[in-house]
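There are two complexes below, and they share chain A, which is joined by chain B in the first and by chain C in the second.
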Partner chain A sequence: MTDATQTRPAPDRHVPDRLNSRAARIFKSWEALLLAVAIAIFVINSFASPYFLSAWNLSDATFNFTEKAMIAFAMALLIISGEIDLSVASIIALASTAMGLALQYGAGTPELVIIGLTVGLLCGAFNGFFVTVLGLPSIVVTIGTMSLFRGISFIILGDDAFRGYPASFSWFGQGYIYWVFTVEMLLFVIIAVIYGILLHKTNFGRAVYAIGNNPTGALFSGIRVARVKFILFLLTGLMSGIAAVCLTSRLGSTRPSIATGMELEVVTMVVLGGVNILGGSGTIPGVVIAAFVMGLVTFGLGLLNVPGIVMSIFIGLLLIGVIALPRLWAMAAERRKP
Partner chain B sequence: MSTRPAPAISPDVSPMVSMDMITKTFPGVKALDQVKLDLYAGQVTALVGENGAGKSTTVKILTGIYQPNGGTIRIDGDPIAFASPNDAAKAGITAIHQETVLFDELSVAENIFIGHAPRTRFGLIDTAQMHRNAAKLLADIGAPFSSHTQLRDLGIANKHLVAIARALSVDARVVIMDEPTAALSHKEIEELYELVETLKSQGKAILFISHKFDEIFRIADRYTVFRDGAFVGDGKIDDISEGDLVTMMVGRSVDQIFPQSDHAIGDEVLKVVGYEHPTEFADINFTLNKGEILGFYGLVGAGRSELMQALFGITKPSKGVCRVNGDIKVIRSPADAVSNGIVYVPEDRGKQGAIIGLPIFQNITLPSLGKTSKSGFLKLAEEFKLAREYSQRLDLRAAALDQDVGNLSGGNQQKVVIAKWLATQPQVIILDEPTKGIDIGSKAAVHEFMSELAAQGLSVIMVSSEIPEIIGMSDRVIVMRDGRIAAELSKDELTPETLVRHAAGITTDGAAA
Partner chain C sequence: MTRFIPVRETILAGAILVLLLLIASRFAGFVAPSNLANVFNDTAPLIILALGQMVVILTRCIDLSVAANLALTGMAVAMINVTMPGLPIPVIIAIAILLGAIMGAINGVLVWKLAIPPIVVTLGTMTIFRGIIFLISDGKWVNSHEMSPAFTAFPRMELLGLPVLSWTAIITIALFGIMMARTQFGRSIFAVGGNPHAAVYTGINVGKTQFWAFVVSGALAGLTGYLWVSRFAVAYVDIAGGFELEVVAACVIGGISIAGGVGSVGGAVLGAIFLGVVKNALPVVNISPFWQLAISGSAILIAVAFNARAGRTKGRIILKSAEATQ
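Coming up: the complex of A and B.
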């Protein structure tokens, strides 16, 4: 150990670009571990229930995660930047209520979609204003708006529900593109690709990582930190709006209790996907695999008639287990050393 | 109000505390080299030296935070070793630091007695006793507030009194005051002097660390001078003049060689007119020319870094105009500064300079992404090309360019930060304490590079508290004191004495201003 650190490099030495090859980096990554878990769950499920390996059943299973994952991609960027938005499920409620309200005044499908997305954006802007302009901590702001947005929804609806969405509106949550492939699946893929490119292939994504690693350092490097964070809140709001359109379309009705508790499932998905909850690291492929893992576990347990409350126990154990595993591994390796 | 008891200073008195041949090394740096320091009962000893002379290290050794690598500490003639701060406290040594850690949400009494509160029979804190003890301590030092006051509600001067009461609550025999007047007003400083007299009359040995010469000559009985971690001399304050003390402090054998600067100085690049900040600085006017290295010297707290951060758009000046190449530029954010060709290498490398969780190449290209990318999309090959070019120019030592910056040594981290800014091809580079805390080798490399840059026509502002660096590198020096420009000196006017005089506010005839 000491010898290695004392070895002086040759004075006229060229610094290589990369230390490890691309293959080595991928093999050692969190995503690789997660993919192994996903495959294991798939195999176990296909043995546990004869109904699992059916194209139509698997297609149905994707509804367990597509809407949450759309939000999770934006949330991943937000968490990597060191912020969080816990109001996403309440944004869905408010956006859905707004669409229901517009429906009462005779809005058609295009108007409904525009209203859903606009309410999402406005909610995101509201959160972003308090965090980036007033400098308040995002966890506090969004716990506040979590109650606020859903509260407005309750005031408008009370115990009622909005029903009677037009048939064309049901296309988003119930439509199929081809064979078993749903509209939501297509949206999920498109959004995953967009966010993957945004985070990993653009200057904006690089700024997100820099801010999450060291907000002061990023500011001192000439990055417009507040602007980037505001855009991330807008994106998270917009994704919640899209999820609201899909969910409302799929359910065919709006109640103020719509999507209750979804914010924690979204955060779980992001963290399971290997995003550091303290910010600075994480990838979109990780979140994609985490979405599949959560969908497969929920669906497999559903086929085995496991009640929902037990299912949440499994998800919780899975999260803690997958996060603790590499740590336990490292500790065991440490102990084996002389 | 208080009658000043004349302490008996006689050379025959043996010191209460004596540090002898104390050495302390850190990896790559010898912070203290066989230094000697004696403290006497009922006397104030001033420890004098430039930044980096080893004063803080000495305090940390005396208070048990650091353990010396060699030498002995004696109390009343008996050798003693402090394994922990607790041991030092038990021996009656207590320190009031520049920024003493106090707890805003607790009461004054709780702050004074935290960690050693009086206990009841049941082991619980005896609140009544604690407040009685606290009230007595506060009365002793003439504090004008109650022990029940919340610390949050006190001003900075009164917080200082709490820190002093806390120091005295452990029944201290030795009180160390590390720049105690730095944050105090004139009136508060007078009150502090009275307090020091009280402590002296109680027979306590006081170690007083200050950069201000008027203070030292006002209250110290003795002095000890350190320079670059070594003992220079000590004696009675009555036997030395201010001028001799300055010479002892700065006069050094020139063992650092600075690169020869024979670069041509061109036209005006930056002109700052009437810059003012509500609290940090006022009435700042200066110009910077092409190819010039402009040094900014001053004591810690003179407002140099604050001024630089205003130029870089971190803070906003309340008044004033900044012209770049003759045009008025409004700089509201670092991004604005960078686009106007002004970049800033901050003093706090870990927090403000480098992004230590990101790889080297990403740190270097962060402000230049606009150049290495195409319509917002990253081009890794271009990034590596740029990173390779600048890491070679700065002779960066690293295993690979995709290694995290956090794994590099301080000197190499600094090279990454400088490389990051040079890659933006700026007009003005501001270096804030560019060689603080980096090893000698990297220091020389940074100096070498700085004069190369100036020769290539870049304008450099260098903020430094190291006199040899200021004298060795600068074409012109601005000395700041209390947020204002105290002097502007050309290269041939630069001597350690003039710099210290202007920074400390000593007028030329030797009297304190």
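Coming up: the complex of A and C.
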């Protein structure tokens, strides 16, 4: 009963067992299907615009998804466990504002980074406290903190902006490791590997799946459900803090409206990656491919001069489409059977 | 006794009174009847949308697309008005309600027929609707001088001392009061949210009821779309941006359980009025309007924590103690 809006019991619909072979096959092939889509988009893009196939342009394109994907990995674990965090974009705003504030008191680059990550962790702990200690539904809590965190940024900044970050701070969002490979790409790869191992190779990862499939069963099999969920909220907060450092460093300024609507894109990325929004299944490789798909789509559309708000239509359609299509497919298959 | 004085609503009404008294102690003008009428009029769109959202939340769903629906309908009727200034207002209103209901029906079908979680559906349609506003308007504004005088005058028109906008809210409240308590649809909404399994056995189609809840919410968003655009005499892509959160906040503060099945018309209205009073009081007591967002966020958290404590039933004690001893 943690989140009734997501796990609504609909008695007239059969919820397939996760161990069922047919369902397993669908999810197994999801990443393959997604990879095919990514390749198709890549090919279409390289035909649609002559500027697409350039190492530097493609390198720039990765900025479209690296920051979001960092959060998406943590969000994937959270959604698999049956919770959700809609406040991630607001955590970025608050962490960025805190860094900007510290800058006014003469903080250097290391302090700025520590402050950004700490604020992220604190926000995650705040969400986690409400959800796991008070036992409130995560969707309401994070809708509340979504307003609260960004609200605090607005109180501090109003319609002002913090600028003048030190030159060394810009390394995170604008720096290059080697040739066209950016610092953010390196972070993205490291974080992806860490989360891949965490979810697929550790007891903790198994616990996350167990909780998502049956929280009560997980509890009675000795998993500390509340503690695991709290850690997941902490991780999501921390990742938002890292994303805040990267984004602030890249933009070189902080406004309270920073990263508005990013929570939607992060959730879309996770769902597109094959993570079941109701919890219990999903993989990190799926989210990685989904990140590339979304990055390529937005970059390709950007090259064709499609405005950002029209791109958001595609994101919205993608979000609904990726969930609706397999279900339509299954319904059609059901109907064909005698 | 408790049957006649619902506890949660009484506490909320008390909180609003205390708030008003606190403001009145320093700024007596705020509680003058004419100003209170202004505050109510200003809160009317929130009240109307909160009632629609209440119906959706009661059925265990959530509608995050209301503000985008409002903005799209508002832009559509504004553009219709610009191209056909002669179109009578009742027709405009009918179009607005119909457009809103269609958008609600899209949400409803996806939830009912495809069983997609409502939060995903409405997050998606929220961005799609906003994007469509940009497509149909080309990002341009529709300004007051382009709208016909009748179009912008309607919500301001006074009847018995109150503007039409306020009357719309009052009539909606009355209709919802009757609908939720006296009609089969109203009762089935509570049944679906309270216990979907039992609802099925009593012959209620859960998915269909959720569908109609979305249609109701959409229709009210459409109606509010016209009232909003005509009242402020401007339509652009970002009108009512983020308003869906305020609407959900009003419901949560009003004691409507996000788990479904628990809530009342009075609660939703009081929740909306609470936010309306806070919003209107901020400039009076000289606090920057930038506080509004943080205050409504805190109000959501406090309200949901408070309601969860109050609503904790004895039926779940076994699980709770198991969780406590882990």
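Things to note:
Throughout what follows, the second predicted complex is superposed on the first by the 290 of 338 C-alpha atoms of A that agree within 3 Å, B and C clash if a C-alpha of one lies under 4 Å from a C-alpha of the other, contacts with A are read in each partner's own complex, and residues count from 1 in each chain.
Quick note on the criterion: a residue touches a chain if its C-beta (ideal position, glycine included) is under 8 Å from a C-beta of that chain, and two chains touch if they have at least 3 such contacts.
Computed from a prediction, not measured in an experiment: that's the story for all the values here.
Shared-chain residue A:Ala218: touches chain B; no touch with chain C. Look at A:Asn305: by the touch rule set out above, it reaches neither chain B nor chain C. By the touch criterion stated above, A:Thr145 is placed in contact with chain C alone, chain B being left untouched.
In the superposed model, A:Ile277 makes contact with chain C only, not with chain B.
Chain A is touched at more residues by one of its partners, and among chain B and chain C that partner is C.
Once the two complexes are overlaid on the shared chain, A:Gly135 sits against chain C while remaining clear of chain B. Contacts of A:Gln104 after superposition: neither chain B nor chain C is touched.
In the superposition on chain A, A:Gly158 contacts chain C only, with no contact to chain B. Residue contacts after overlaying the shared chain place A:Thr202 against chain B, while chain C stays out of touching range.
Touching of chain A by both chain B and chain C, each in its own complex, is seen for residues 9, 13, 216, 219-220, 224. Taken together, the chain B residues at the contact with chain A in this complex read 312, 314, 333-335, 337-339, 344, 346, 351-358, 361-362, 366-367, 369-370, 373, 376-378, 384, 388, 391-392, 396-403, 420. Those residues of chain A whose C-beta lies close enough to touch chain C in the complex are 1, 4-6, 8-13, 84, 130, 134-137, 139-141, 143-152, 154-155, 158, 216, 219-220, 224-226, 256, 261, 264, 267-268, 271, 277-278, 307, 309-310, 312-313, 315-317, 319-320, 323-324, 327-328, 331. In the complex of the two chains, the chain C residues touching chain A come out as 60-62, 110, 114-121, 123-128, 130-132, 134-135, 139, 196-197, 200, 206-207, 237, 245, 248-249, 252, 258-260, 288, 290-298, 300-301, 304-305, 308, 316, 319, 322-323, 326.
Chain A makes touch with chain B in their complex at residues 9, 13-19, 197, 201-207, 209-210, 213-214, 216-224, 280-281.
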